[in-house]
Each structure stands twice: as structure tokens, then as C-alpha cells.
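All remarks here apply to the structure that follows.
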Amino acid sequence: MPEVPRLSVRDIRKSFGSHEVLRGISLEARDGDVISLLGASGSGKSTFLRCINLLEVADGGEVWVDGEQIRMVQKGGRNRPASQKQVDHIRAELGMVFQSFNLWSHMTILQNVVEGPVHVLKRPRAECVEEAHALLRKVGIGDKADAYPAHLSGGQQQRAAIARALAMKPKVMLFDEPTSALDPELVGEVLRVMRALAEEGTTMLVVTHEMGFARNVSNRVAFMREGLVDSMGPPQEMFGAGASPAFRQFIGHFQA
Amino acid sequence: MKFRTLVVAGAVALAALAGPASAKDWKTVTITLEGAYAPWNMTNPDGTLGGFEPELAKVLCERAKVECKLVASDWDGMIPALNAGKFDIIMDALSITDERKQVIDFTIPYAQTPAAFATTKASPLANAAGSGTEVKMDVGQTGVKEIDALKEAFKGKTIGIQAATVYAKFIYDNFGDTATVREYKTGADRDIDLQNGRIDLGFDDSVYFQSAFDAAKGELVFTGPQIVGPIWGAGEGLGVRKSDTDLRDMFSAAIKSALADGTVKTLSEKWFKTDVSPK
Amino acid sequence: MTLAVTAVALLIGAVLGAIVAAAKLSGNRVLSFLGSVYTTVFRGVPELLIIYLIYFGGSTAVTAIGQAMGYEGFLGLPSFAAGALAVGIISGSYQAEVFRGAYLAVAKGELEAASAIGMSRALRFRRIIMPQVLRYALPGVGNVWQLSLKDSALISVTGLAELMRTSQVAAGSTRQYFLFFIVGGALYLVLTSLSDQVFDRAERRANRSMPSAMGQV
Amino acid sequence: MDIAFLSSTMVTLLKALPVTLALFALSVTIGCVLALVIVWMRVGGNRYLAAFAKGYIFVFRGSPLLIQMFLVFYGLAQFDFIRNGPLWPLLREPFVCAVLSLALCTGGYSAEIFRGGIRSVPPREIEAARAIGMSGFLLVRRIIAPIALRYALPAYSTEVVLMMKSTSLASLVTVWEVTGVAQRLISHTYRTMEVFLCAAVIYLVLNFIVLQAMALLEHVLSRHLRAAPPAAKV
């Protein structure tokens, strides 16, 4: 029996007005895959990620999560999800970490983490709180459970956001440039957490500019250019001699 | 010194703006009316004041040899406003009562009218006992036979009156314990509520009601006896500040002459279709 | 009449508001306490009561001053003056808060920059603070204008023939309550929406240096 | 100063306090619910409902409460179908009419205030909630409403104070609350200033209490905006 991919995306298309951002992107993540998505600004990486959990609705294409397809319908000439219920359920299975953390400012860190399990998954609060404390310790901010987001540094906030996403026990974690909004000295603490997750076998899809992470942690690297996947492969291949000219030019900017 | 002059100048300037400024020799006098108590006084469509009292005021001012200016103001604040110097004379079917005499002064009366209950034509309270008769009552009198009969009939009903009138006091004294009393700012507001069925009865001056009935196109009728006599005071007179005795005497004399030569009677018959001059 | 009362009231309110706001910002404890008392009292007491108090109390006070100065007899405050004064005093308490908020919104850095190029206190006030305070205060003043416009309906109780009293008397004498109040209400709606547009335009003008502020409304 | 008169006036006026408080509490509660419905229509996405809500807000914010109150009290009663309708036993009562018009009016104002609050909720925080699978009512209840409430509170407390003051207009439709009783007292005693001053003091105290309560609520709801509590280790 062939293994069902955790995440499978086929031929995703998306335009904003007349501007075609995604021109047919396909990608598959199997259990334990860590895929780094690289590309210049405006190449559509973030939009692609947001189309997977339907924060943006793609104009065409298919998304399968753990063998379940997100049903879409045409309504009023536009592509729309057929069922909000299914969307909510799929989103709960995809953990999302945002560039700007997006913690709920009116809740403590602990409340941020238990919010989803308790209110979306309807699990018993006591159990969730216990897990939340464990998760916070795991990302290294066990002592900040009762602080509010505004009281934490950016790196701490992003680690809390990762804990919040993990608390949903997602099948796949999506990272949207998780370190771009951080001061350089705070980037390391977040990358360390992500590396630990990868080593545990978490399936991850990471939009990033961190070449070190792409090269050393991920097992596949995809390079996006002008709304298409330009090239994709294991890091040793991509960063090695077989890289496409466009990718070579792209990474050239980072080695200067 | 300079500051004092300035303040006085400011006050005088304000007073000049005000109009009802009052030098000791009365040249101009400001008279207030409600402008919403037809046919005593009303506001014409063009905004001027008309009715029995504005016309009578014109006559009285001529005879008192003063310039008169009519201004509208709200009924329930009239007496305090008079004492605050907003105007010099109240002419608004103001009954002369002992209670009011404690705070203001009155001229002799220029009218004396009965009061009665009104209800809707279709109301079960129409034609209450004593309808079509007259009952004479003294100041503060209670326990009158006919009134007690009405009290029984009106038990648990809602009676609407215009606030701060002699009629309000009468209703509270005689019906306050068995009926619900509701006070309105103007007679017209009360009438519309009576017509709309929010209250069961209204109580007011009969000649006022007579004209209100016309406006209501026959929907409202009198019920129970007309109540006359000293209970409504010595009739309706002009209200003036206690300090303005000269003004009071000037207008008392004017009223006296207007009563004597039948001017009041003529105007009364024109507006009320009946003679309201005090007997 | 309604417009005249409101306009005069807004002017009185602007002057009072500016004085009170200055008092509250002055840093002088007595002055700022007095300013707070003013804004608390006139925002905390029903407008109707304030109008009554000024209508009755105002002329008593004027008369008392007059008599103390040796002027015989009564001095009255006309309905128009009393009404405009009352609504003006009320709107002053709201405008004071508007001005204070606007002043506090002026960025400290810009003031420092002004001092840095050697602007004097007065110049700084005139060239940097005032234009900005006006800009920040404009939406607030627009609100106060709407508030005053509607407060002016309450002056009808003093017998001034503004919009409200006119509709009331007409309603009473014709028995067409519904009709006349609908018409009266509609007229107020016209007034408020017209003035809304005027303030919108003024705001857009005042904000022309801040393109980002546009399009968000 | 006539202390005896002032204190007896105060006692009389205080007897009318329950009516004022009932008017206030009922109209604020009903108005708040109404505002939630209106604001839901306004931002809910349905074009017709949004247009209706917009019209509602325009009308009730743009015209004086006094006119609205007169319309509800005298105007509605002129129609036969209202007088013969099932609601007449309620609309017959001046108190009900006063509460109704106060609530309708504050509904319009509060809806705008709540909308302002909703607009100031950071879109990113909503997005984060969607990303973990929240939507619809759950999203509103757990994320949007708490944040919006915090932002709307200062403006809303002003509105609540305005409502407290607006209850004084009920006296004009024969409801005997504090101002109405004050006017009646004046019509017996002709002592305007003293009576109105007493009434003014009552309203001031009431509003002071309301504002304190709102400030307390605001304090409780803004823990996350204050500086961090002195941490165990610095």
C-alpha cells in the first residue's frame, strides 16, 4: 500500500487582479519531510503557503491533507471552499506560524496556547493546560506562561506562536518567514526550536530566507520564481553543482 | 472702578438685547403666553400669536398707554421665569390662587371659566353622572356629593392634566388616591393622548376644551358636571412680579375699563362663543 | 434659528474649550483642577437641566450683578442668549477634551525639531502646534457640532422658536403629531448630513499632508 | 441657603431615583443588544442588511432624541393599526415608550462605537485564529469581541453617561423620573435654582459612579497593555 502524503498540492493558481502570482504549483510532503521554500520577494512563496490553509482562496488547483481533499465549488464565477466546516477542520490539522507572530494580544501566553485545543478541538481544559506548559518548556519559555505577548521579546513571541501551533497537534507545520521580523540576535533561538522539531520528524513546510536552515535542516529545497517552481531537490543537489542558473544567481546575493 | 463700569455696561447691553428691560417708567412691557392653549392663545401658521388673550392684550396695552411685546414661553416655567425677569406679565389663563399669590401678584380677573372632564365619544365613561349640570365648589373643598360619585365612576382610570395648573391640584386632591394621574407639558399633548386612548379622561378649562373638541373633529366630549366657583380662584388674571405694583395697578385699571364697556364680552363671544367675563 | 443658535454656541464653546483645555494642560494644579471640575460637571449633568439652570439662573445672576452695581430693576437674558450660552457651555466642556486630546497627539519629536531650529515658544505654538491641533481636533469638533445641533432641540423648552418648538407647536395645534415630528426629524437629518459633508471636506483639506489617513474611512 | 428646603427636596428627588435607574438600566441593556444586532448587520456581508443598518444608524444618530421620543410616544399612537395592534398594552405605557426610544437611539450610537472597536482589531490576530480552524461565532466570541470590547470601551462609557443624562428627557413624555419630579416640585414651590441644583448633583453622582465602574472594567480588561509586572528576576 503506497504511503499517503501528509500534504499534497496540485497545480495551484492564483491571481490578484491581472497579476498572476501563482501559475500552477504542485508540491508533495511525505511524513517527516522538511521542505524549504526559497525565492525572491514577490515570487509568491507566502501566497502559496496561505493558499494551502485557505487564508487565500486559490483560483484553481487541489489541496489534499492526509488523503482528504478540500472541496471547492464555483460560486458567482469564483472558486470557493464548499464547506466552512471542512475548512476549519483542515486548518486545525495545519499548524501555521506567521512572520509577525500574530499572538492574541488580550490573552496570556498560556491562554494563547490552550485556546485552540480547548475551543476548536473541544478537549478538556486541564489536559490542555498541562500539555501547554510542556510545550512552552520545550520551546524554552516555560516561565512566561502568565505573561502577555506585549511583555515578551520578538524571539520569545515567535516561540510562543510555534507552541500555539504545535498545541493543535497538526499533521503539517507551515512556517511563513518565521524569522524575518526578528532582530538578528533573536533569530538563532527560533531556528534552534525549528531544528529540534525537524529532528523529531515533524512534517514542515518553511518559507524562509535562512540559507543555513535550508541547506542543513531541510531534506528538500524548492526554489520559486515568477509563480512557478523553478527547481526542487535535496539541498546537496540544489546547493551543489546541479543547481539551475536562476537559483545560483539567487543564492549569490546571500553569499556576498 | 473701571471694572465696575464695564460690568454694568455689559449687563445693560445684555438687558437691552433682552427687551424685557424695565425702567421704572413703563414704556415697553413684555407679555408672555404659551401660544398653545387655543382659543385663549395660539400660534398662527405664520408664527405670530393669536387668540382671545393677544387681542385683549392689545386693548389693555393701549389703555395702559404702553408698548407691548408678546413672547411665547413654556407654561410650566412661567412663574419662575417671570420672577427671573424674563418678561413682565403672564397672560395665559392664569388662575388667581392663594398659593400663587405667595410668589407673584395679580391684577383683577378678566375672565372666569368653569372646568370639566373630557373623554372620548366612544368611552364607557362618557355621560358620567351629573353631565350637563353645574357644581359650585369652594377653595380647597372636598367631599362634595357629585364629585364623590365621579370618584367612584373613575376608580382605577387614568386622568391627564396639564402640569402646574389649578386643575392639577384639584385632581390630586379629589382623585389622586383612586385614579392614576398623568401630567403633561401642554394641553394639546394630553388631548392627543386622550384621543389615542393612552389615558381615559382629561380635566381642564371648559372653554379650552370646547375649542379642543373642534380640533378633534367631534371625537372628544364632556362628561360629568361643569365645576365652577371660587375653587378656581377669583378667575383668570394677569400675573406680575410682586415688586411691580405700579404695573399691576395700571393693568387692573385697564381691565376694569375693558370689562365696563363690554370689550371683554365682545372678544369673549368672538373666541369662546360665550361670555367669560367674571360675574 | 436652529443653525444660528448652534453656530453661536459652537463659537462660545470653542473659546471656552480652548481656555479650559489650556487650564487643564497648564501644569498649574489649581487651574487644571478647575478645568477638570468644569468638564466633569458640564458633561455629567443632563443638558436639559443645564439649559433650565442657565435660563433661570442666568438672568438672576445678571440682575444681581446689575443691582449690586446700582442698577434698578430687572435685567433679563433673552431666550436666544440663554440658549446659545447653555449649549455653548456644554459644547465647551466637550471641545476642551477634544482640544486637549489633539494637543497631546502632536508628536513630541516635532516640537523638539522646532526648538532645534531655534523657533521661539510663540512661533512654535503658531507654526507647529496650532495647525496640527486643528487637524487632530477637526473630527472631534465635527462630533461636537452634531451634538450641539441636537442639543439645540432642547432649547425649545425656553420658548425659543427653533426647529423643535416649531414642530411641537405645529403638531399640537394641528393634531398631526406624527407628520410634524417626522418632518422635524427629517430636517435635523438634512442639517446633520450636510454638516457632515462640510466637515468631511474640511478634514480632507486638513489631512492633505497625510495621504495615508485617507481611504481608511 | 435654606438647608431644610434643600434636604427635603433631595429626599423627594431621591424617591424618583428608582425610575431614573430603571430607565437607564433597561435602555442601556436593550440598546446594547440592539447595537450588537445592528453592527452584525452592518459588517456581516449581506448588502441589504448592511444598507438597512447604515440607514438606521444615520437616522438615529442624525436626529435629536427628543424628536424620536415624541414620535414614539405621540406619533405612533396616532395610527389605528398600532392602537389596535397586539403591542398597544405595552406602547400605551409612557415608561415603555421612553425606554424604547432611548434604546433605539443608543442602539444607533453604540453600533457605530462597536464597529469602531471591531475595525481596530488587528487583522493578523484574526488570521491567526482562522489558521487554527476558528470561524463564525467561535471566532467572534473568543477573539474579535474581547479585543473590540477593549477598544470600544472608552467611547462606550461616554455613551453610557450620555444615556444617563438622556433619561431626563423622559419627563417630557410624562414619566416621572428625577428631572420630571424636579419640575413638578418647582411648579409647587417656584424655587427653580435650588431644585435644579439638587437634581444636577444627583446626576453628577450617578455619572461619577458609572464612570468609575467603567474605568474599573477598562483597567481589568487592559492588563495586557500595561507594563509587565515586576518579574521575579530582572
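Read from first to last, the chains carry the letters A, B, C and D; within each, the first residue is number 1.
By our rule, contacts are C-beta pairs under 8 Å (C-beta built on N, C-alpha and C of every residue); 3 or more make two chains touch, one makes a residue touch a chain.
These numbers were taken from a predicted model, which means no experiment stands behind them.
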Problem - Required minimum of steps from subunit A to subunit D, each step between chains that touch - result: 1
Fill in the blank from the handout: Top of the farthest list for subunit A, CA-centroid basis, is B
Handout entry: Chain closest to the middle, measuring from C-alpha centroids that were averaged per chain
Key = D
Completion exercise
Distance between the CA centroids of subunit C and subunit D (whole Å) is 22
Exercise for the section: Mind checking the centre-to-centre distance between subunit A and subunit B? Centres are C-alpha means, answer in whole Å. Expected result: 82
Practice task
Report the inter-chain centroid distance for subunit A and subunit C in whole angstrom, where each centroid is the mean of the CA atoms.
Solution key: 54
Practice task
Could you please state the distance in Å, as a whole number, between where the Cα atoms of subunit B are centred and where those of subunit C are centred?
Solution key: 37
Practice task
Would you please write down the residue numbers of subunit B that are in contact with two or more other chains?
Solution key: 77, 80, 84, 189, 192
Fill in the blank from the handout: In subunit C, the residues touching two or more other chains are 52, 56-57, 60, 171, 177
Handout entry: Where subunit A touches two or more other chains, by residue
Key = none
Problem - Contact pairs between chains, per stated definition - result: A-D, B-C, B-D, C-D
Problem - subunit D-facing residues of subunit A, complex - result: 53, 55, 84, 87-92, 94-96, 98, 100, 102-108, 115-116, 119-120, 147-151, 161, 164-165, 168
Fill in the blank from the handout: Contacts from subunit B onto subunit D in the complex sit at residues 76-77, 79-80, 83-84, 99, 103, 163-164, 168, 182-185, 189, 192-193, 196-198
Problem - Complex contact set, residues of subunit D against subunit C - result: 58-59, 61-68, 70-71, 74-76, 78-79, 161, 165-169, 179, 182, 192-193, 196-197, 199-200, 203-204, 207-208
Problem - Contacting residues of subunit C [partner subunit D, same complex] - result: 40-41, 43-50, 52-53, 56-57, 60, 146, 150-151, 153-154, 156, 164, 167-168, 171, 176-178, 181-182, 184-186, 188-189, 192-193
Completion exercise
The residues of subunit D that touch subunit B in their complex are 74, 77-78, 83, 88, 92, 94, 172, 174, 176, 183-184, 186-188, 190-192
